[in-house]
């Protein structure tokens, strides 16, 4: 019991010694893993933000149906219920002539132009929001034409070709993002694993001596695996800090960029750890298998 | 003369021997550098495509001025020249009612709807293209209102809030892209340099022996530097090939993604080479400086 | 204890390092393997701790058979065999103390205080207590060799193998080391010493295995050293 | 040729490895440095090829002064000094042939055919032509030592330093190696041999520097070996 506690103690000491004695190797490993995890973090950051931007743009996508002058309240009720019946429609909000004017004023900041007119030329409208997943340009066009066909609706606006272009852009971005994410994730795993592997290879002499003096593979491995994990953990934390600093620097200019959500942070750290441990395992296997038993 | 030729020969042989004898080290180095260069390549690829997409979207940004029914040819000439006088305007193209119908037909693929109408309801229009660098949403709005104020122009369309949103999105993307590019570029340089450094450190024993037998630093360095360059060159080529394969795979789904333009390929390879050579130099300096002279 | 049964070892490019070697050692015996450079002395020792396996024939050490031992049993064997390597094989990044402590750490059966006591005991036997905190590269050749010896004896092995244990030692220190080895043998440990210096076994008058180009040309002589 | 002038070497933690050593050697002289383990023999040799520099005092080798030599001149010095290291220092990833060829490659003054001729000549002097394609780890201890000797003599050095050159060799081969060294000395090369085996200089009857705890306790004796 006491002896096994002293073993645990020994492993921990070994781990720290490994890092301390081989400062140059450790520094090299740290720099490489921090750098690659930083890349991965940046990609995740971009992914998180692109996703969010896409979500927001999608939400804003909607249809505005302008209503003819002088349509009665009853007819309005009827129109509203008709629009609400369309399966793709999530909700319908009525914007009266006065509301429209108010909004126009707010957005313009000046009233002169309209006051010169003397009368309110803005039509009343329905703001039509579509259900999630039903906001592709084709759907918008289809629903618009249905609404446009209703009597009492003067004109329908939904962004038209712009919506289609945005769709295309977002789709492209998403595909790109997934592609980049997968490639970078794999590449980072390779880099982290290989960097750890190089550190192990650089110390193969010691490993062979331990083996020949009677150490089991497990005994030799533990400090290396712990060291690998500590390395990647430190790297992950450093990379996260750097990422945060970079984010702060950029968000000064682009205030609505979000930082990594917790899920991504977890993914990030786990990915680094797995890569590090796999790298340690593979290289140890390689070194341990060499020369005789 | 002959002796120095034999020296060159020796260096080349040494380089290949270095790679051949240390297969495991070489493989590790290659994997790491290929992976990091691949990341860099992907980022460059994304940059190239985002730039291109932005350019194209910018180019498409323009103003359509619909003309009132029955405006005379003379008045059209006058309107055209007035619009061309606006400093931001690059060119103005007249689209007649017939052209408009033709285009509409082509884009719709069906004529029934219009034939049912019996008459051509589409207005003639001017397609107004703006000068490069003058296509921000504010400019669009300003120019539109100027054109809209001309007599004979019925309505002006320019995408409105959609253009503004697209502007924002592209700006964000560009900032992101530069940020990611810089971080990834630096990180990749670090990784490549450090990987080469780890390989050198793993062979420090040999280096110390050469030193103690009377080799000059230069003599020791040459094969390592050559090896480092060969490594990174091979890695760059492999990364480019992988990138090309990935590009082909994706362009099956998204046909208008371009591959790296030559400038970027050059940048890519040069960057890898510089990182590799710097890594070799730094690590050799470190190893050569150790223990006495 | 140790038994070689028609052991032949052929390395790549058909180098015959051992050629049909047969001998047997009892518990607690002391054996000197002598022979010129390249005769196969180190190879013979490597067979005992199973760094190399016979190309044909069989080596039996304790209860372990070279033909049937599974890879995960080899560490167990090695923990009971102390080896002084011809090229020392010290870990370059550990102090002399830590190098000597290694077998104790590996066995995992000792507490820190016990380890300290045993290591200091072993180091004092080879006269190196004062250098315990030096790294191998800060030690002279003979000092490194003695650290290797301390490491081999620290765990009270049942077999001690010493490959040229006095090659880097002067006559005085070398004699002390031989005395240390004899003492360990006297305490019941079987010992095999490979050496090119025939004076030592002659002086001690103990068993000699003479080897030449891989063949055992002489085995026996001497009286049981005890 | 080689001159030590009040040379003191103190390592970290105040270990005095050499203490006010003074001596002088002529061109073509043969000197044996003897002393017990840890006396400072290797440190003395390291001073000559300037792997270590004196803490105080000065070493003069050929035209090079340890106090003034610039780092980029050290390779030049080392090319004219052949060293047999106590721990061999062979490149583990090169064959015996390539290890011996290394000094010739480094000097850059030889063609491939010349290199081959010289290397084979040196290897044959130590009796290892047949093992030229073996890697160090495929060689026995004595064979590695002989590869180290071949490397030290291949470039016709003006000074040959040999640290324990027969430590891993049996009496027969060791005597041959000493003969090789004597032949080289006879051809005009100054030679310093560090050894713990006092029989060799006694037999040869040549100069001896006796060193003990860093102090030169005896210098002289013998007749000029020639």
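So that you can tell them apart, the chains are marked A, B, C and D in the order they are listed, and the count of residues begins at 1 in each.
Definition applied: contacts are C-beta pairs under 8 Å (C-beta built on N, C-alpha and C of every residue); 3 or more make two chains touch, one makes a residue touch a chain.
Bear in mind the structure is a predicted one, so any value in this text is a computation, not a measurement.
J.: Chains shared as neighbours by chain C and chain D?
T.: none
J.: Which is the least count of steps on a path of touching chains running from chain B to chain C?
T.: 2
J.: Where the centre means the average of the CA atoms, what chain is farthest from chain D?
T.: It is A.
J.: Taking each chain's centre as its mean C-alpha position, how far apart are chain B and chain D in Å?
T.: Each chain reduced to its C-alpha mean, chain B and chain D end up 61 Å apart.
J.: Let me have the rounded angstrom distance from the C-alpha centre of chain A over to the C-alpha centre of chain D, please.
T.: 65
J.: Let me have the rounded angstrom distance from the C-alpha centre of chain A over to the C-alpha centre of chain B, please.
T.: 21
J.: Assign the assembly's chain-to-chain touch graph to one of these shapes: line, ring, star, complete, other.
T.: ring
J.: Per the touch rule above, enumerate the chain pairs that touch, sorted by label.
T.: Those chain pairs which touch are A-B, A-C, B-D, C-D.
J.: In their shared complex, at which residues does chain D touch chain C?
T.: 11-13, 35-39, 41-43, 86-88, 133, 138, 140-143, 146, 163-164, 167-174, 196-198
J.: So in the complex, the part of chain A that touches chain C is made up of which residues?
T.: 2-4, 6-7, 9-10, 21-22, 203, 205-206, 209-216, 219, 291-293
J.: Can you name the residues of chain D that touch chain B in the complex?
T.: Against chain B, the touching part of chain D is residues 49-53, 71-72, 74-79, 81, 83, 85, 89-93, 102-103, 105-112, 151.
J.: Give every residue of chain A touching chain B within the complex, in rising order.
T.: 24-25, 28-29, 31-32, 35-36, 38-39, 42-43, 46, 49, 53, 57, 60, 159, 161-163, 165-166, 169, 172, 175-176, 179-180, 183-184, 186-188, 190-191, 194-195, 197-199, 201-202, 246, 250, 253-254, 257, 286
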